[in-house]
Amino acid sequence: MTLEEIRSRLEAFVPGCHAEIVVNGSPSAQNSLLIDRQHGLQAAMYLRDHPELQLDFCSNVTAVDWPDREKAEKIKTKRIVDGVEKEVEETKKTTIPGYLEVVYHLFSIAKKEGPVVLRMHTANRTDEVTLQSLTPVWRSAEFQEREAFDLFGIVFEGHPDLRRILMWEGFTDHPMRKDYVPPPDDDLEILAVSEPGA
Amino acid sequence: MLGEGIVKGLAETARNFLGSFIEKDRLVTVQYPEERLPVVEAARMFPFLIYDGVDQEEGLRCVACQICEKECPPQCIHIEKSKDKKPDFIGKQQFYPAVFDIDVSVCMSCQICVEVCPFDAIRMDNEFELSTDDRFAGLLWPKEKLAMPNEHYLAIHPTEATEVEARRAEEKAQAEAKKASQPAAVAK
Amino acid sequence: MTQALPSEAEQDQVMEISMGPQHPSTHGVFRMDIRLDGERVLRLKPVIGYLHRNHEKIAEAASYLAAIPYTDRLDYLCSMTNNWGYALAVEKLAGLTVPERAEYIRVIVSELTRLQNHASVVGFLLQDMGASGTPLMYAFREREKVMDLFESLSGARMMCNYMRFGGVRVDCSAEWLSQAAKVVAGFNGFLDEFERLLTGNEILMARTQGVGVLPRELAINAGVTGPGLRASGVNYDLRKVDSYGVYGRFEFRVPLGEHGDVYDRYMMRVLEMRESLRILEQALRDIPSGPFMDPKARLRGLRPKVGEAYARIESPKGELGFYLISDGSPNPYRYRVRPPSLINLTVLEDMCLGQSIADVVVILGSIDIVLGEVDR
Amino acid sequence: MSAPFIILAAVTLVGACAAMLLRGLVHCALALAVAFAGIGALYLNLGAQFLGLAQLLVYVGAIAVLIVFVVLLTRGGDSDSPPLSPAPRQFTGILVAGAIFAILAWAIFHSFAIHTPGMPAPQATIRQLGAALMESYALPLEVIGLMLTAALIGAVIVAMKEKQGTQ
Amino acid sequence: MDQDLKTELSKHGIFATTFEELYNWGRKNSVWPLTFGLACCAIEMIATTMARYDLARFGAEVFRASPRQADLMIVSGTVTKKMAPQVVRLYNQMPEPKYVISMGACAISGGPFRDGYNVLKGIDRYIPVDVHIPGCPPRPEALIHAFMALQDKISAQHLTGESRPRHLKRDLPSEFQVPELGEHGLEPQQNDEVFRNPLKVLQG
Amino acid sequence: MQPSDQVFVLLKHWLVGRSPAVMQPGVSILLTIVPILLIFPVLFAVTTVLERKGLGRIQNRYGPNRVGPYGILQPLADGLKSLTKEDIVPSSADRTVHFLAPLVLLAVAFLPYAVLPMGRNMVAVNLDSGVLFFFAIGAISELSVFMAGWSSRNKYSLLGAMRAVAQMISYEVPLLLSSIAVIMAAGSLSTVEIVEKQSGFSGIFPHWYVLTPWGFAGFILFMIAATAETNRSPFDLPEGESEIIAGYYIEYSGFKFALFFLGEYLGMFAISGLGITLFLGGWSAPLPFLTWVPSWIWFFGKLLGLIIGFIWVRGTLPRLRMDQLMNFAWKFMLPMALVVVVSAGAWRFLPQGVTRWLVSMVFIAAAYVLLARGVETRNKIAKRTYRFAE
């Protein structure tokens, strides 16, 4: 089944679900399916139990941090400069608001097919970081979602045991975010200082 | 029958026990430090800098291009470029490292510095008896400690080193031929 | 085999113990918070992160090339397969091809890795069962032979840093191949010895049969991969499913278990070693000559197009995946390892409930985790 | 009274008193084991080898260990001492102890043995003991054996029921 | 005792032993390591005890799992911040005299992972280390070499005088502060009683 | 009799004879006790080296060989180190009991040697009920183990102690029962008498009880139970390193820990000595033409043989689980030991000849087959075959 078919079926059979195909420009051509955050669980359930898909194996769960970024697009416009119509490049800057993203790589052990890539976005990076947990659908997401919670700060609703996993309880930061700054340490200059010549 | 597997296992250990007195294969211990395993050519531990000739400063191949410093995954190389230049083996004027330190307490022996070096200046040594009780000075190797004569390179990585030698000789010959064909350019 | 757990009222001897992070049989710095009734496990929560070395964060700050030596240190028993997984992901991302000779070398070294990993794992498992070192010693005796091969090929015993995207770092000599053939030829004898020592041993059978049963459905749902999955009877080996590299050309079988207990997981490893030997024999026989690097591949300053790729291989522990997102810069924007050890741990509690504490260490040993990979 | 007897008696008495007076239950049990051992040694000192060794084997090796085990299993081996029993109960205890002492003393003073001094101690070998048990006292032995077997089977049945209950 | 006299005596078959030498001989030849592995180096440590290298030849195969019975702590691998308190605690539980070998780059300085947010930049920040072995990981022979270096160090120690070993100096602690897991990292970042930061030494 | 055989006995008599009459009983006692107190700790030291080297050889390596020639000074170094090591008593521990436990263990470990005949006329005390004495003393060691585990106030040590005591009690039963078979056959509880009963020969075969069907089975049972009693692998659960770290002595350091080690090995020697006395004919020679070899050499030679057996088993087998261990004790060892007793009884009352061999053998073999099947079905162990996917 192609990704396009999966998308249309999802939208047809999961009421209210909105899916979108994200095209991957690299040679791997692993396109993915962006699902809206309200219907993640239902969509996952559908994908797992669908007899033709049987995506019974959720291999990889990843979080990605997308901070606010400025996208510079070069737009070629035709404009009349000095009376001659010329193609002129203009850079148009748009600010894309940041969000946290979760990526699920699904495979089918029964059919030996895959991957089908699911993505979900949080609303932003600060206060609305909740997504539906897919652990009830695939147990394999349990530790990986905990990891995403720990290192990225994504809260998974419906996760049975959402605690920090790699860092200790009481640690307050989310170190895998792009804007994380580790606590200062005076060690790293030792190299330069203890030089015999210096 | 119960006990059969246990008896089989006992026979196996007995075989090994008795065998250890007879067969060399069964007693694999290499009694370091008196006996040593043969050192393989590819073995790598920490980098060293190669110099040609007898004088360290003079013959150091490194031109302080700092590629290795940039590519070093754990960032354990520290280079400061010289202000002046000196000629390299083909007579081209090059910078040289005023400071070249490797923090071997950080180095992960990955050999990436060797791979990226375009000047065959840095190679991996196979010395491993390096334990020390001096945490800082003992494990921060300056240029003076890192520099090793080319003969050392030839001794520990003979195959690779002879290839490098040949290539360098060729380059040198080419450079000299070029020099000979364009004497005016040099004179200028 | 989960027995009914006593109700709260009956739990008069409930004891909470925390095994680890320094414990002889947690295979490193791993902790289990266990609630016991006598010696029976009522609850078990793995606590990890004691070896969280920020592999992903470091790799995201470094170039594509610089991440390779770090992958060595993920699952530090199997640096070669880790290299391959990562190289495969970058090759997918950047659209590189691998010359045939390099593919064969990759198969050879990663099957050798599988041999030494499985041998050590079985040794460690027996160590956990209290065999005073002998199986582990025999396993390491053979492992050293593989280590010697790796060292003469790549220069280091454990941290090989051998593969590059687009091929391998150095070619292997004919001499090395014949040496490898010798090791492979000798390995069967070792396996026979190992099996005589262990497989029929009644104590081993009593300790492992029916212990830590992992049902088929749970295994699939929990994403268990590798020998653990196959011990539960699921025929899923990425070497067959994906046929990555040149695995499609070799004739080998995938052993399958029926009970999904520790004994099956032990036997899976023993049988897989035998199959690996078959692959090795074929690969060493058929290896073609030719280049060992893709001429298009650039090591320094690789800047793949914007996009992402997920690649996976069958590492000895299970499915090792690498997920890379490129934003066009020389560093990966997102670098993620799908660690088989971590995900196989998900079912640890399910397997241990109702078992005795002595079984816990055996079950853990049979999962085969390496903390470097669990915590990254 | 010989020196060994005095020492052994002292050890036994100290052990017995400690078993009553110490606060930690495990300590009490261990002190009791000392008292048992002392009694066993007294038997040995009197030349009753078999009895002395049996005392050691059964009381120290089995009963003391059993007590310790029971303490541990029921109370988790904590040294939190139970509050000393209130005075009335102490009083009853003293009363009971006194009564037992009186009866024993009466029995000993009226026993046949101490009124016939000079009788040589019978050389009771193990063979004789065995013969006595198997011949003249065969019936009592069998009865005891039967009772113990019944008790054992009863215990097994109780344990099995409990096990079924939990499953 | 005078060394010359002693060699002279031993030539005549007389072995003179001072108490100091006996003591040092005993503890140097019976160094029992703690069963304690952290990361990659632990595998090489295990390999060292295995048949090929056989650390047992030195009488050091008695790996004790209980710190109470161990003499030597081989810090083999990356010490993360989450693990550091545990390592210090284990060290504190060991009876004197105790030794520490810091094996591999990570244990010495954090090694390749020192830029990580959860990695301790060297175990010597909290406990005193006797021997450092660089390498990532060091070869098994390197560990044996370090072990022999430790033995040499022990046998060279005098029991009196200023150079006497640490465990004989009453005023020096045998237990060290256990760092705590804070909100952002370890607190304190290092134990100044133990750690000699050259940066600070230079400055003052 | 050869003078070399009685050399120690004569030496003792001579020394006692030379001492003043008043001191003679004291000297006699001293000369009996001191050698025991010296020989067995030395044997302990030798055994530790032997064990480490033997395990090494089993595992394709040398074992300790650098401390002194061939590593023989290794135990000396270990001893010195242990003596000078800091002695830590955990702050939460029960100090008195913690201190007493190793001492009790050690005292109890030395006592059984009193009744072991280590050669002709070489027994410290010839008790009528020597075997009973042995077991009575052995029973006390359980208490010391318990004391060590409980007083440390550590979960692992408590767990280890509970395991140890449960295991020792359970295996004491088959141990006793298999000894009873011998006692029945010999008709005596005296160790000296039991050995003397075995010291004759029929043809070239000695009258050792191990050479009868019931004796052979009894010996195997006895040694299995002895392994369990002394907490040796594969029954070393109380100190099962991979589960509960070091078991009941986890909190002991320095010399006290060494004492535990010593006590454990002394227990192993003692129980091996009893096994030799009961089944292997004690100090008697195995073949008639070897009787010229001094009797004590035979005893210690056999002891060494059994120690090597212990090491061999330790080098080979993994450890059992606690419930399996208990099941094995009660559901295999105990019935088997009972059958051995019955078989020994039959042996005694049947006339000499082929019949009693046959009857005895059939008894043992039938019981073994049945009970072994029981063990296999209960533990659900079976050889398996595997399928492959192409």
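Brief remarks on what is shown
Letters are used for the chains, namely A, B, C, D, E and F, taken in the order the chains are written, and counting of residues starts over at 1 for each.
In the analysis below, a contact is a pair of C-beta atoms (placed from the backbone, for glycine too) under 8 Å apart; a residue touches a chain by one contact, two chains touch by 3 or more.
Remember, it's a predicted structure, so these values are computed and weren't measured experimentally.
Set against one another, A-E and C-E show the most C-beta pairs in contact at C-E. Seen from the Cα centre of chain A, the chain whose own Cα centre is farthest off is D.
Inter-chain spacing, taken between the CA centroids of chain A and chain B, is 42 Å. Averaged Cα coordinates give chain B a centre that lies 31 Å from the centre of chain C.
Centre-to-centre separation between chain A and chain C, using Cα means, comes to 27 Å. Chain F has its Cα centroid 57 Å from the Cα centroid of chain B. Residue positions of chain C touching 2 or more other chains, listed in rising order: 23-24, 49, 52, 54, 57, 69-70, 73, 134, 137-138, 141, 144, 159, 197, 200-205, 375.
The set of chain F residues touching two or more other chains comprises 58-62, 241, 245, 315-317. Counting partner chains per residue, chain E has residues 35, 50-52, 54, 57, 65, 82, 112-115, 117-118, 122, 136, 139, 198 touching two or more of them. Partner chain F is touched in their complex by these residues of chain B: 1-3, 6, 9-10, 12-14, 16-17, 20-21, 26-29, 31. Touching chain F in their complex are the following residues of chain C: 15, 17, 23-25, 39, 126-134, 137-138, 141, 197, 200-207, 209-210, 235, 237, 240, 253-259, 263-264, 267, 271, 356-361.
Taken in their complex, chain C has these residues touching chain E: 21-24, 28-29, 49-55, 57-58, 61, 69-70, 73, 76-77, 136-137, 140-141, 143-144, 147, 157-159, 371-372, 375. Interface of chain C with chain A (complex): residues 48-49, 52, 54, 56-57, 92-95, 218, 220-225, 234, 236, 241, 304-312, 319, 321, 323, 325-326, 333-334, 336, 338, 342-343, 345-347, 375. Taken in their complex, chain E has these residues touching chain A: 82, 114, 117-118, 121-122, 181-185, 189, 197-199, 202.
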